[in-house]
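One chain, chain A, links the two complexes that follow: it is found with chain B in the first and with chain C in the second.
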Partner chain A sequence: MSTAKRSVPFSLSRLGIVAGNTFLEAVRQKLFNFLLLLAVALVASAQLFREFNFGSSELKFIADFGFGAMVFFGSILTIAATAQLFFSEIENRTALTLLAKPIWRTEFIFGKLLGVFAVVGVFCALTTGLLLALIYNRETALIEAHPEAFEAGRLIHYGDLLMMGVLQWLKFGVLAAITLLVASFSNTNLFTVVMGFFMLVICHLQYLARDAYSHVTALPLRLLVQGLGYVFPNFQVFNLADQIGIGQGIDPMVFVRVGGYALTYIAVFGALAVYSFSQREI
Partner chain B sequence: MNVAPVPPSLPHAAITITGLTKDFSINLRGVKLRAVDNLTLAVPEGQVFGLLGPNGSGKSTTIKIILGLLEPTVGECQVFGVPSGRVDSRLNVGYLPEAPYFYRYLSGTELVRFYGRICGVPKARLADRVREVIDWVGLSAAAHRRVGTYSKGMLQRIGLAQALVHDPRLIILDEPTAGVDPVGSAEISELILKLKTQGKTVLITSHLLAQIEDICDRVAILDRGKLILEGAVAELVGRQDQQALIVDTLPASELEELRGWLTARGHTLSAVEQPRTRLDQLFLNKISRSPKNGGQA
Partner chain C sequence: MKFNLARLRPLLTGSVVVTILAVTGLVVRPLEAPAWDWVRARQPALKLDSIQGALGQGLTVGLLGGFRAIVADFFWIQTHSVWEDRDLPATQTFIKLVTAIDPRPLFFWINGSRMIAYDMPNWRIVDSGGYNAVPQAKQRLIDEEQATIALNYLKEAFNYHPDSALLHVEVANIYLNRLKDKTNAAEAYRRAALLPNGPFYAGRIYAELLRKLGRKQEAYDWLKQTYTKLPKSVNRSLGISEFTVDSAMAPVVLERIRELEEELNLAEEKRFVP
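The block that comes next holds the complex of A and B.
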């Protein structure tokens, strides 16, 4: 008998293999083609909607519109892709074969998460890149037409736009982790998607509740609202739109803090998803 | 052949199941369905073990518990001495699920390579190993097609390939021949016997009892989750008190002579029959395809 008992340590490479396969599924199932088309159409349309006053306000409009579209469609993409890529494993029973291998459920869940994160990352990189190119183009044109308005050089801080793109990506990461947590215990794709949007709205609006209740004197209620404020991440944190590109710019420290905020929530929701998934009967 | 039941404590068991019960809650009022009922079973190492039973008797459920995909309600289960549910219990196990379905967007080769990587097959050997197992299951010609285009039997074959890619010591096959043509079915039997000669343990469920009888050393029969019968095939189906003699056709007079001869010595001739070729044998002889070309559709 050679019952050499090897233990199986947690493996990042297995996690990466699952993530790679998840990404490949998104690519080959044509989820992507649709998305890329969407991204291009959106950013391009920012140009059609532009206001015709000169100078910085037009550039700011393009940036705002572009990022607004990116957030809107990115959120839809994130929720739909997470739910789809998770349930395709469950419904097709491929999870059965995969989890019968020496693989941790942690690797499975975080692999899925990483795969979705990569898909959303491509989307963000593409839209941000297009947007940057668009604004740069427009700014160059404006400089030629009105050199006097640009005496101090270019107005747009392109580095800030890039940071903004990265922050949106991280926010989608948090959203993906939340959706995956819902998926880990839910039975249907539809329920997951609906709950995902519900959570998205809560995360966007929770600051309203926190503000409204911050003056309430009843301590328990105030604590409850504050507690909920910690449970649900505040998505407004990622919205540095007022500083986009122009003016004082994004403080790198704020960027790092917000990034840390996102990664913390991704880790916590991911861990909860792993816990909930480990109870699940496949 | 070792026909004595192997007690669960002996290290020679690849799988030991002790007092296993599995309940599913099937509605919100807490009504339970007992899929496996107090099952105790040992699968000896190096043998081909058949798990039989009618539909819904708990075969697949038992297998899923062995693989740690389901938690037992009561009882326990070990694979090579490691409690199932632990990740390392699955290191040496290959599994083909019933009615398998795989990532349709991968090609056959990519699929097997994916599972090989998950199982930690060394990179240097991976490509050769993948080609080898795909060849074993006779899918070489279709290996570069997307799995989404495979037929039912081809899915079974590619499933078999992924179960073998990491050279496991225990192979669990849940209805490997469902949907496979007789040629493929015979090839799978052959493959299983080959695995046995390599010292592997095979746990197989199937509704093709003739096939099970041919390849299994031991069988267990479940009914509504309960173990009805367990033992060595040779003992269960062999009749020790009778013998069959097969001769070329005798004229009636000689037959009478033989009967008299036997009676004089106190024996009885209980049946005179025309032996028949089994239909599957006939099929195999007529379809004179060379083996290993299944899936060239």
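The block that comes next holds the complex of A and C.
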């Protein structure tokens, strides 16, 4: 590898080729198609399930349900696809052939990451697009049926829906980078998948540890937990879907901040995966 | 024995990774903190004091997202199924499960508390031999036990809906109808009436309860104060519809003010002028 680094400069086009191949490999997989189909079917069926809604308004329910499907299946897809695409290279020995050529490990890892990111991007674009169309269609029907309830205009901010789709995509990007970091030192696909889900849960709950230990008097313990709070990204910050269809909607500055937060973590976790992979004997 | 430095390499790599992540966490904090405050302020489920409750909510919010609405709805249907079978432990468990999964809809809290406070005492009395067999004192004890469970349940609901007037009304109803406690019922109706979304009837019932408690002067002062704020005519530009005017029942409030003036023997010059 060090020879390759010395002989050829870093190349974005090689990175692009790895990403393109990863993307093609992923979309050919049954897992991607199955999860995409399931998510699309569920989002589309939100209209039917609205009869079961007891709590919130109909449009909010459809939005909630659609994003629920996206978060649930998107998380599974991200973790499973990242682990599978990485280990297929290791287990089929194609990684050996590939890395024997003048290609940087950075190009390999970031190529994989971008490939998976593109796959979840397609997933998020399709489910968000479908959800948008469904909600718009239903809201139009409701406006025609009850014009008096919409005197102030449409209730749903469609820009918020798009922002949520983008934020979910970025969150999956962070998750993919985390999974890739685990894969870079792990020996098996199963371990990576299990660890990926554990990391997902930890990142969703890390705010609790921060809260719980913020008032602890023992300084070493407080510093330890605060430190751990800094190590794991906070995934709850991506949960803006509750604001869709109510109040003022999503604050664009919050969107920008969360977007920046996600992109920073994608870059850092990606770089750490490269560092960890560079220590690995293949 | 020869020490092999290469064995420490994974430890070193791990330490580097953790250190870089901790530094990154510190660096991105200015991005995260304002966004997190914004998100948290709008989701009561994420600012629970109880770790147990917050743990459950953190997981359901994070992993199920909006999916929790439909999961909770299916469990609510299941709740109705066991409620029809008069299965008390199962009903109570499902009621709590539904609101643990999705605490956002008021519907679950209000209907769950009604099942606990109004239906379950009946089931327990019937299971113990019926209203004729169970002594009055025992029936009263069962009512109190179930009402206490329902009130604690509604107390939890305030964590998620701190500004809900309907929850205060529900608390008041339980005090009044199950515990026959007019003092606490009046206080709960007062709280409901003072909230911006408080129903007009909460204020009227509060005054009526004060009257029954013998606190007529308080009732009189409250009604006078209320009357001045009530909408008396339709004004679409201010969002006052016919329904709002009908619900406010200003003439009824004025009538009660007059009745109280009679009961308080107020001199003509001291009487309320609308």
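What we mean here is this: the second predicted complex is superposed on the first by the 264 of 282 C-alpha atoms of A that agree within 3 Å, B and C clash if a C-alpha of one lies under 4 Å from a C-alpha of the other, contacts with A are read in each partner's own complex, and residues count from 1 in each chain.
In the analysis below, a residue touches a chain if its C-beta (ideal position, glycine included) is under 8 Å from a C-beta of that chain, and two chains touch if they have at least 3 such contacts.
In this text, all values refer to a predicted model and were calculated from it rather than measured experimentally.
A.B. asks: After lining both complexes up on chain A, report clash or fit for chain B versus chain C.
C.D. replies: fit
A.B. asks: Just chain B (first), just chain C (second), both, or neither: which does A:Ser45 touch?
C.D. replies: Once the two structures are laid over each other on A, A:Ser45 reaches no partner at all.
A.B. asks: To make sure I follow: the centres are taken over C-alpha atoms, the vertex is chain A, the ends are chain B and chain C. What is that angle to the nearest 10 degrees?
C.D. replies: Value: 160 degrees, nearest 10.
A.B. asks: After the superposition on A, what does A:Val237 contact: first (chain B), second (chain C), both or neither?
C.D. replies: A:Val237: touches chain C, not chain B.
A.B. asks: By the touch definition at the top of the document, which applies to A:Thr188: first (chain B), second (chain C), both, or neither?
C.D. replies: Touch partners of A:Thr188: none, neither chain B nor chain C.
A.B. asks: Tell me the contact category for A:Thr140 with respect to chain B and chain C: first, second, both or neither.
C.D. replies: Once the two structures are laid over each other on A, A:Thr140 reaches no partner at all.
A.B. asks: Which partner, chain B or chain C, is in contact with more residues of chain A?
C.D. replies: The partner with more contacted residues on chain A is C.
A.B. asks: Give, as a whole number of angstrom, the minimum Cα separation of chain B and chain C in the superposed three-chain arrangement.
C.D. replies: 9
A.B. asks: What does chain B use to touch chain A in their complex?
C.D. replies: Chain B residues touching chain A: 11-12, 45, 64, 67-71, 80-82, 87-88, 90-91, 93, 95, 97, 99-106, 114-115, 117-120, 159, 162.
A.B. asks: Would you mind writing out the residues of chain A in touch with chain C in their complex?
C.D. replies: It is residues 49, 52-56, 61, 63-72, 75, 181, 185, 200-201, 204-205, 207-208, 211-212, 227, 229-237, 239-243, 247, 251, 253-254, 257-258, 260-261, 264-265, 268, 272, 275-276, 279 of chain A that touch chain C.
A.B. asks: Please give the residue numbers of chain A that touch chain B in the complex, ascending.
C.D. replies: By the definition above, chain A touches chain B via 1, 3, 5-8, 14, 17-18, 21, 24-25, 28-29, 92-94, 96-104, 281-282.
A.B. asks: Within the complex, which stretch of chain C touches chain A?
C.D. replies: Where chain C meets chain A, its residues are 9-10, 13, 16-18, 20-29, 31-32, 34-36, 38-39, 42-43, 46, 51, 54-55, 58-59, 61-70, 72-74, 76-77, 102, 104-108.
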